[in-house]
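Comments concern the structure below.
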């Protein structure tokens, strides 16, 4: 039992290291293989790009609140999916009656969570009327 | 007909010259010359009749007055010759004063030309304004036609004509710090 | 001018360089720098008849930060020169420049004594790697220019050279 637990831990550790490698690896490879400077005519390499002219205005502007509401909806449904994974494992029972019962229970769960969409719809979250921000 | 409407409307403000032209030969139907202080009135009349501005450009008339003087002197010389012959036959012709007597320097004109046109009834109207070349100043028409903001910038860019009241008279086509005016006749000489 | 020597990468050995040069040559990402009529020919080259996607170079990036090669197509006016230089600066190494058309090479038909408005050739602003003469050059000529650039990068040519006659 302990060996199997250690083995599982090893698997988790390897996955973790692999993920870290994929994340950090490109930085290391680029550090070693990239040219270390850029040819310049006007020393404008680090300037923020605005099609060849000096940037106008600040980048930290007000965004429309609709983006925030969409993000909230996304988070709610992500948690929804998170809950569905263990539910799918637990309700994995053979047979028509048990399977039907499991199906109906999960349907009820997802249905209640879908009321979020209805609420958001009624509140006008899905009407994308962007108000543009004029920096002047 | 829009042509007669606009002709009457412009004639009412007493321009210096107003006449119709042959569109097939000239490309416009009405030619109006106004003095520099009446340009805003004329443009307001054109705006009230539903025209839109097509372009603004300039003409540098450097050397025009000298050429006119030369022509006048040549004509006088011709007349004097003819008069000398007639005097021999008994006719008396009053002699015009000699052209060589003028001492003060000639100040030529610059001309600003505005083209207007109409959306539904095609009719191109040209308004010309003459201003002295050594102090080229003209009132802006951008309060009536905001599209003229860029046209006037371009005309200032290339001819040096200052449009008073223009909110942003910065070179449009030349680099922003350019201080030369390429389409003047004495540029690069 | 942009002729400074760039420092080489930290790790630098021949086989890897060959591999990297091959990868870069086969996926050159041009920057859309169409200024005038030659830009129309560049667009025609990117379209379906003279497909530039065959050479990996179809992805025209609007941002200089994502592009490898700047194809200067068209007349460079003095008003536009600072913008071009800024965009050249903002391209990361390794970068190349192709001057397409007579105007980008030497001012083209707009050069006369006492001209006040154009920069006579992109080489006055930054180093140019390949020139494609023409007014405008045909799309096949632009493709030949891209192949010449690939040859400059990798040392050998992808397509056999077509001899005239």
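As written, the chains take the letters A, B and C, and residue 1 is the first residue of each chain.
Methods note: a contact is a pair of C-beta atoms (placed from the backbone, for glycine too) under 8 Å apart; a residue touches a chain by one contact, two chains touch by 3 or more.
Note that the coordinates shown come from a computational prediction; the quantities given were computed from them, not determined experimentally.
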Chain pair showing more contacts of the two, A-C and B-C: A-C
Chain nearest the overall Cα centroid: C
Averaged-CA centre spacing for the pair subunit B and subunit A, given as whole angstrom: 67
Distance between chain centroids, defined by C-alpha means - subunit A, subunit C (Å): 38
Rounded Å distance between subunit B and subunit C, as computed from the means of their C-alpha atoms: 47
Junction residues of subunit B, two or more chains touched: none
Residues of subunit C that touch subunit B when the two form their complex: 78-79, 114, 116-117
Subunit C partner contacts - residues on subunit A that touch it in the complex: 31-45, 47, 49, 51-53
In the complex with subunit A, residue positions of subunit C that touch it: 1-4, 6-11, 16, 20, 63-65, 82-95, 125-127
Sites on subunit B touched by subunit C in the complex: 173-176, 180, 182, 188
